[in-house]
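Chains here go by letter, A, B and C, matching the order in which they are written, and residues are numbered from 1 within each.
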Amino acid sequence: MQAIEAFPGNDNEVGLQFSADGSLRHLLSLKGLDKALLVDLLDDAERFVPPPGGKAVRSRSLAGRTIANLFFEPSTRTRASFDLAGKRLGADVLNLDVNTSSRKKGESILDTIYTLQAMQVDIMVVRDASAGVPAYIARHVDDHVSILNAGEGDVSHPTQGLLDLLTIRQRKGQFADLTVAIVGDIMHSRVARSAAQGLNTLGVGELRLISPPALAPDPDEMPFASILDNLDDGLRDADVVMALRIQRERIGSLDGIPGIDEYFANYGISTERMQLAAADAIVMHPGPMNRGIEIESALADSPASAITQQVANGVAVRMAVLERVSNSMEHN
Amino acid sequence: MQAIEAFPGNDNEVGLQFSADGSLRHLLSLKGLDKALLVDLLDDAERFVPPPGGKAVRSRSLAGRTIANLFFEPSTRTRASFDLAGKRLGADVLNLDVNTSSRKKGESILDTIYTLQAMQVDIMVVRDASAGVPAYIARHVDDHVSILNAGEGDVSHPTQGLLDLLTIRQRKGQFADLTVAIVGDIMHSRVARSAAQGLNTLGVGELRLISPPALAPDPDEMPFASILDNLDDGLRDADVVMALRIQRERIGSLDGIPGIDEYFANYGISTERMQLAAADAIVMHPGPMNRGIEIESALADSPASAITQQVANGVAVRMAVLERVSNSMEHN
Amino acid sequence: MQAIEAFPGNDNEVGLQFSADGSLRHLLSLKGLDKALLVDLLDDAERFVPPPGGKAVRSRSLAGRTIANLFFEPSTRTRASFDLAGKRLGADVLNLDVNTSSRKKGESILDTIYTLQAMQVDIMVVRDASAGVPAYIARHVDDHVSILNAGEGDVSHPTQGLLDLLTIRQRKGQFADLTVAIVGDIMHSRVARSAAQGLNTLGVGELRLISPPALAPDPDEMPFASILDNLDDGLRDADVVMALRIQRERIGSLDGIPGIDEYFANYGISTERMQLAAADAIVMHPGPMNRGIEIESALADSPASAITQQVANGVAVRMAVLERVSNSMEHN
């Protein structure tokens, strides 16, 4: 696995994402995307949200383009979302689950990338369990290739962040007066990180990160957020409550939380607990849900839930990002 | 696996399959489809059967539609058949082998369905080893989604039933004067059930179900058929002989049938044995065949065999069903 | 696995590849393809090579056609290359990894083929670890089906051979004055065999096959080539150096080559060693590379390397072959 050890830090990702003319070429992280760009992307995505009961929105703006979904980490939902987004824009889509073949053969990530690039793949959608892989790839590809991060270790999941922002904007209309509470395994959550970065850029009123102490983030990482370990305190008057998926294996290692029931009692979002939040608060989850662990099943299916709206917005956001980086190529 | 335990019986599937205006919305079972509808579907399918040596028939009637092949149970042939049927109608096709990812993550079937629905999937083709899953899903999806059963436990495989009916009609021209013999593991065969239901609706002359006693169906289940355990009696003067696939593991558990040779000697369809049937009798098999177990290899490749014609009809029937449920959506 | 034992030798593949009118119907081997046809195929492929920095070349010449990628042996790269080649010509592409399902079910190769043929698949791209499988299939399919060999045991990999020829022609302009050195596990290499056959037909000046003695080919197999076991002798004044992938397991069984370091020291192509070759020599590799074993990593990324050009040519060559066999069908 040549060179994976050599990943530099992620700090220089910010500039890496843009072409010389300032247009978005890669989407690696929501860090470094300014408010105007985020708003533009959300506005673009709105155009791809179908009307209630309507057919999927389609265009031919990526006809002749080739997208490779390069998933080093398996995913049914995110892969399907990117697959449909590409097909609905008229692109050719190549799905590669690379863990099953090339890595076994010892082929390095870069050789896979160079191979796809030589096959005239225009956009590579990359998911990997290791931090730094999407930026590492972006640094090495030719000028005519764009990299989209579809989930990177614990670090970043920018299209998930965008779909969360779009969902909140649709439900709440603005960010400045909102209190958003993100609940669960913050430490290991790329979903929380990307949502937090985007919310901060858009000027959210208040952001709370609530987790068991052992799963709290480094306080210096997101200084704009408050860190709490008491769920009731975190939910009080919140307008948006975002539950995170937790790995069951992690629960057993938590002090005073020996099992699932204790986790739900302490950090699960229930209808009853939502009484503490604002009267019109919404609840979100990136999926796939562990019903009865992070979130009460009935709450997930209630009118307060924005969970399926998040999924619908996921396709729209990915279409908007694919179209934007594709336009950036035309400029080159 | 929330709610799978709670599957109600399949009796109310019948009404569930139709829209308020009486058009076919889901295809879950051939039970409840009347003769006129079955004949319509077979006539529709005829339009998609290519002329001998001709190119595949294509249309754009599903352009803009999205089909998800949601296979909780693996299948190469049925998946390929639905995949090609969808593509040849101009649809976008998403292939999901869900056993490999989402279920491992503990995501319930319904959450998968809600996710696909939010991604604007119009038609979900579902295959599952458990009885009741397709109807359970059909009861929960939004108005704009259709469910097609692509194989459901031992219960139902309606597109297989339709392709069997189409093949028999092409070879024999009618059903009223026919004797059809289905041979093998009737008890566990969704193929036998769907064929028997369709043949009964279309008014087949005589239907015989032949199996080792331990693999016979409940006599009350298909009262319109005769149940036999002697193959020679079953084949006598039959016009159509349909061999079923048997799982090799089951053979060892049969009284007096310790191995494959004994099974073939007692229940295998051979050229010699076909002498008992009508002079122009045809032999069918749903595939994949265990040559030399259920059927003699030379017989499978003989002019009496309709086996590849069944496969060709499979694509045509699936195109007809996809087009019909898609038209039903337009009415909504 | 019925009939696999019965594969006849490959000698009669030559005639099998052509239709009655002499047009190319199957591509099983470069043996038997004459110089005019090879040059035609390379010329066709040139039309599909995009200009530097340009978009992928596309056409609709296979619209309405169905291609099945039938990979009994896994491959990410070759499968992706054929998949993109088919899509860029407008064909419907069906990807089947058959090892994961049908073979487990005991379905014979032929039954899989008959099934795909009945589904109106026009072109089957077959990869298999056993010698003789593509020709065996070609002998059994209907007149309207073409078989393309995408890798056959140690025997043949004709589209790889064509892309190697195209790359050499692009870099060197001609073959008559060239010395080509192929280095590595010649004995087990279908890549070496196909390249050698094509180079011989095109009248290469000199062809050298260099390997450890235990991995040398039968001297009677390619009498037009010289067989060497000393790498320095083999590289001297060579214009083209082609490194082959070696399976790591094989290295340990080689006399005097106990490990990877020894293999690289004796048979690895390095920048230093390339000093022995002609001043403008190029280096090639079929991929995926074991960097530091067959080839020095820096050399693979140097201007002397034609490795990514080979990959780009792979798509172009496959498009040319797909189009040609498709045209052959029109004649029938």
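In the analysis below, a residue touches a chain if its C-beta (ideal position, glycine included) is under 8 Å from a C-beta of that chain, and two chains touch if they have at least 3 such contacts.
The shown structure was predicted, so the numbers you read here are calculated from the model rather than taken from an experiment.
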Graph class of chain-chain contacts, one of line, ring, star, complete, other: complete
Same-residue or different-residue interface between chain B and chain C, half as cut-off: different
Cα-centroid distance, chain B relative to chain C, in whole angstrom: 40
Junction residues of chain C, two or more chains touched: none
Chain B partner contacts - residues on chain A that touch it in the complex: 50, 53, 55-56, 58, 74-77, 80-81, 83-84, 87-88, 248, 287-291, 297, 307-312, 314-315
Chain A - residues contacting chain C, complex: 2, 64-66, 68, 92, 94, 96, 98, 100-102, 105-108, 111-112, 114-120, 122, 143-144
